[in-house]
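Two complexes, one shared chain (subunit A), two partners (subunit B, subunit C).
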Partner chain A sequence: MKTISKYYPLLPVLAVYFIMFLVGKNVSGMWQLVAMLLFYCALGQAFNIFLGMTGYVDFGYVAFMGVGTYGMAVTITQLAHVEGLGFLVITIGFLMALLFSTLLSLAVGAVALRLKGAYFAIATIGVNEGLRFFIEGARIWNGSEGLIFMAELNQILGRKTASALATFWADIMVLFIAMSAAYVTLLFMRSKIGYALTALREDEEAAKVMGINVTKYKIIAFITSACFAGLLGAASWALKTPYVFPPEVFEIHYTIEAIIIVLLGGAGTLLGPVIGGLIYGLSKYYLSIYMPGFQLLIFAPIIIVIIVIFPEGIIGMLKNRFKDTSLARFII
Partner chain B sequence: MALLELKNVTKEFGGLVAVNQVSLEIDSGEFVGIVGPNGSGKTTLFNVINGVFFPEKGNIIFDGVDITRLPPFKRAPLGIGRTFQIPRPFSSATVRENVAVGAMFGTLSKKVNVDDSLEIADQIIDRIGLHEYTGKQAGTLTPVEKKLMEIARALAMKPKLLLMDEAMAGMHPNDIDQMVDLIKKIALEEKIAIVSMVEHIMRAVVGMVEKVIVLHQGSKIVDAPTKEALEDPKVIEVYLGHPPEETHAVS
Partner chain C sequence: MFFEQITGNLIQGLVLGSVYGMATMGLSLIFGVLKIVNVGHGAFIMVGAFITLWLFNTLGLSPILAIPAAFAVGMLLGLLFYYTTMRRLIKAPELASLLATFSIGILLEEVIKLIFGSEFRGYNWAVGKLNLGVTVLPMSKLYACIGSAIIALLLYIWFNKTRAGTAMRSVVEDSEGARVCGVNVDGTYAMSFAIGIGLTVVSGVLLTMFIPVGINPYMGGGYTLKAFVIAVLGGLASPYGAFFGGLVFGLIENGSYMLFALIPGVEPFALTRFLSFVILLIILLIRPTGLLSTK
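The block that comes next holds the complex of A and B.
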């Protein structure tokens, strides 16, 4: 009984995803929107593991999605001529995405995680921009011309399967990544890792003198978060749109969106990034339909107002409100 | 053998010598007060002992192990606990979770899991008398409650040595007496050596410590049993200036 009740907080998360899936599948013309929302929810959940749990702001977060996208793209272009691999190529692509994002996060983490606050944030912007110009300048993976692998994907999977992958199955993979990120977040929260991360987020020096190896736990959160970003890049960017250009995948805009989603929903909460992703995605979508061109102008003050009214995010606020009620065990 | 031994420890910040050639010994279970005016190097000395700063010169030996170059997170599990002058709670976590963090990471045992830690936390919270606040967010406590919580958090680490940084500052005299009694009782039971830093509140020192170490401009000037130390002319000079000679002549 106790082991099951441990997983109660996952229920609202899964419920939201289930409803999204049903709406997307059954209401015609909705799948595009649902796919976008799933992407934002997954992005928020992946980033929350680092930003929300450690309190460190990584402005170069999108770089992990970028290298993940390249991991998948490079695998597909390299293995396209090998006969009979089929879906194995996609699996290898995901593994390469994991490998690339792990390596990058280790390299960045080992250096940048020694810095604190604003210094860390600035250093990570440098990493993102540096990586982009390095790939372009050194002409790695075709440099600024990018990789276009529509033909290769068709060759590997067949035209029909490749198209089904781009329009449906890639989104299901994003959904799966989002749910895995939620599960890992809960595991962290319930383990020593979560306690260590909370302690170092609140007061790093006090955490150190209480015996917490803060660097170790920061790196654990950093790598985990980066891996999910890599997978997300591979699924949502490489498989959905079979091309990759450096300026698009190292676009800092996505990092900012991820930060907004996490703060809006509630940094460090389990359900927060899902709600944040929903609100952000929906408002972005409908504002761009009804007031095209003005969406950012309208969106900015809305975000400011929400963050002023609920500094702990929407779920952070609900968590405090329902603290001593039976709802408390579902909202964390 | 002494529990903590400092040998000629020097810590400099640029040209400023914050701790100058300090040697001292603390025995296990001993209650020691570190006394000295503002800027005399007390906090730096604490930070050198628990590893926030590494000394330029000298050695620190704790429980027979040279810990001079050990980072703080490795020193804490050896048995060095610490409370801060201005409490530093993990604000968003509850009191129970705060104390559990101490039990989880502050001991050498790798087997303490989350559930065990929470149980240990409950016991300690009961002992300190913070029972009614256990589910409250630490950031919402009053300063006195935060101080008690910090002590509970440090005790959860099962320390052999507890460094208390001006723990009584800003407290009501009644609260001070209560807290001194409580700390003394627990420390005696657990055989914890306590090094308490005192800037202003002498009554807390006198009531609690057996030995006083007086720092002045980074150097140790007195290291003696409490009564003796407080009557030492050097201490009086540091705190009150030169005694007027004429008064002596008249009387």
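The block that comes next holds the complex of A and C.
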């Protein structure tokens, strides 16, 4: 019984995803919106593993999604002429995305994670720009012209499967990424890793004195978070829109969105990024219909207000509200 | 011929560097006094650029007159954001102030986009050129360089000779000790934040005197990154360190552009920007307190 109750907090998360899936599948014309919401929930959940659990801000987070996208794109363009690989190519693409984001997070982490607080933020703020200008400047992977692999994808999978992949199955993959990120978050929270990260978030010096290897746990959280970002980039960007341009995949805008989602829902909570992603995605969708171009103008002050007045976010507030009630075990 | 090219590049690099240095002093001042990293730094530079553009294009005022206007606007913005937001975050975890300044930057970008639109703009301030023999320097660049040097000097005098400046230095040393000695620490924080933002907005004016094109609400991002590199070069907490860091960075940027242009098949401009990021990582790795710091 104990082992099952451990997973109670996952129930609301899975319920939200299940409802989203049902709405998207059964209400006509809704799938696109649901796909966008799933993307934002997954983004929030992946970002939360690092920002929420360590209290460090990675301003270059989108770079991991960027290299993940390149992982998939490079695999597809390179393996297109090999006969009979089919879906194996996609699998290899995801592995490459994982590899690229792991390598990048190791490289960035090796420098940045030695630094604390403000210095860490400074070290990461240029990662996406730096990488973008490296790819453009040294003309790697076709430089600023980018990679376009619509034809290759059609050649590998056939036109029909490729289009089904772009309009439906890629979103299902995003859903799986979101769910696994939620599961990993819970796993971390309920293990030594989570306790160590909480200790270091509250007081890094004290945690060190207590004998916690803070660097090791920071690296674990950093790489995990980066890997989910890489997979998300591969599934949601490379497979849905079969082209990749450096200025688009290293656009700091997505880091901003990830920060908004996590803070809105509640940093370091399990359900927070899902709620944050839903609220952000829905408001972005409707704002882009009724007031196009105003999303950030509206969200920037909201974020400032959240930081100043209720830094714990929506789920953080609910958590305090329902403390010591039977609902408490579902909301973490 | 080769010697001339080198000297010409050194001069260009130093002129550029002085403006870069000026553009980083505000960041370092704010970090030195409030221990807050202004992640929205570039957005304030962008505000300065738009003030210059607006004064020049609609009122026909010279960019030199935009300097006091920009400083006033910057001070007001600084006081506004200090009293509404930053004041409550000084004691909060770093995460809060980083995200707050980041959001302030986005807010400024979006407000400017709402007013001016997001297309690239520029202005044409024809004040002639100065031929130095080894290189030709537009007068506008020279004015920007002289302006930066004067402002840096004024800041130095203000810091060392006035009462408010001394109070600020005492807060940098030890804010609790300063409070015990009767320094109005909260007032000093507000003043430092306002002056830091004021300097940053002014640097936006000087930067457009240097590069009067490509003015756009989102132009600040690249400057934020450069300012961080320069600030870290100079030790992050010292405005003068930042000024000299700027000179060094100007030389590096100009020199590396010249060298990258010699390699066939690459885009030198993009590689120069990549290089600034690499420099940042290397300095943070080997000497996070800054190359020019004495400690």
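A few notes on this one:
Just so we're on the same page, the second predicted complex is superposed on the first by the 317 of 332 C-alpha atoms of A that agree within 3 Å, B and C clash if a C-alpha of one lies under 4 Å from a C-alpha of the other, contacts with A are read in each partner's own complex, and residues count from 1 in each chain.
Operating definition for what follows: a residue touches a chain if its C-beta (ideal position, glycine included) is under 8 Å from a C-beta of that chain, and two chains touch if they have at least 3 such contacts.
These figures come from a predicted structure and were not determined experimentally.
Of the two partner chains placed by the overlay, only subunit B lies in contact with A:V214; subunit C stays clear of it. In the superposition on chain A, A:E136 contacts subunit C only, with no contact to subunit B. Once the two complexes are laid over each other on the shared chain, residue contacts for A:Y195 go to subunit B alone; subunit C is not touched. In the superposed pair of complexes, A:G86 makes contact with neither subunit B nor subunit C.
A count of residues in subunit A touched by subunit B and by subunit C gives the higher number to C. By the touch criterion stated above, A:P247 is placed in contact with neither subunit B nor subunit C. Legend: residue contacts after superposition of the two complexes on their common chain; A:D203 is shown touching subunit B, with no touch to subunit C.
In the superposition on chain A, A:A118 contacts subunit C only, with no contact to subunit B.
Counting contacts as defined above, no subunit A residue meets subunit B in one complex and subunit C in the other. Subunit A contributes residues 190-192, 195-196, 198-199, 201-203, 205-214, 268 to its touches with subunit B in the complex.
Residue ranges of subunit A in contact with subunit C, taken from their complex: 51, 55-57, 59, 111-112, 114-115, 117-119, 121-123, 125-127, 129-130, 133-134, 136-139, 143-144, 252, 256, 259, 263, 267, 293-294, 296-297, 299-301, 303-304, 307-308, 311. Taken in their complex, subunit B has these residues touching subunit A: 50-52, 71-77, 82, 84, 88-93, 97, 100-102, 104-107, 113-114, 117, 153, 157. By the touch criterion stated above, subunit C contacts subunit A in their complex at residues 31, 35, 37, 39, 85, 88-89, 92-96, 98-100, 102-104, 106-107, 109-111, 113-114, 221-222, 224-225, 228-229, 232, 260, 265-274, 276-278, 280-281, 284-285, 288.
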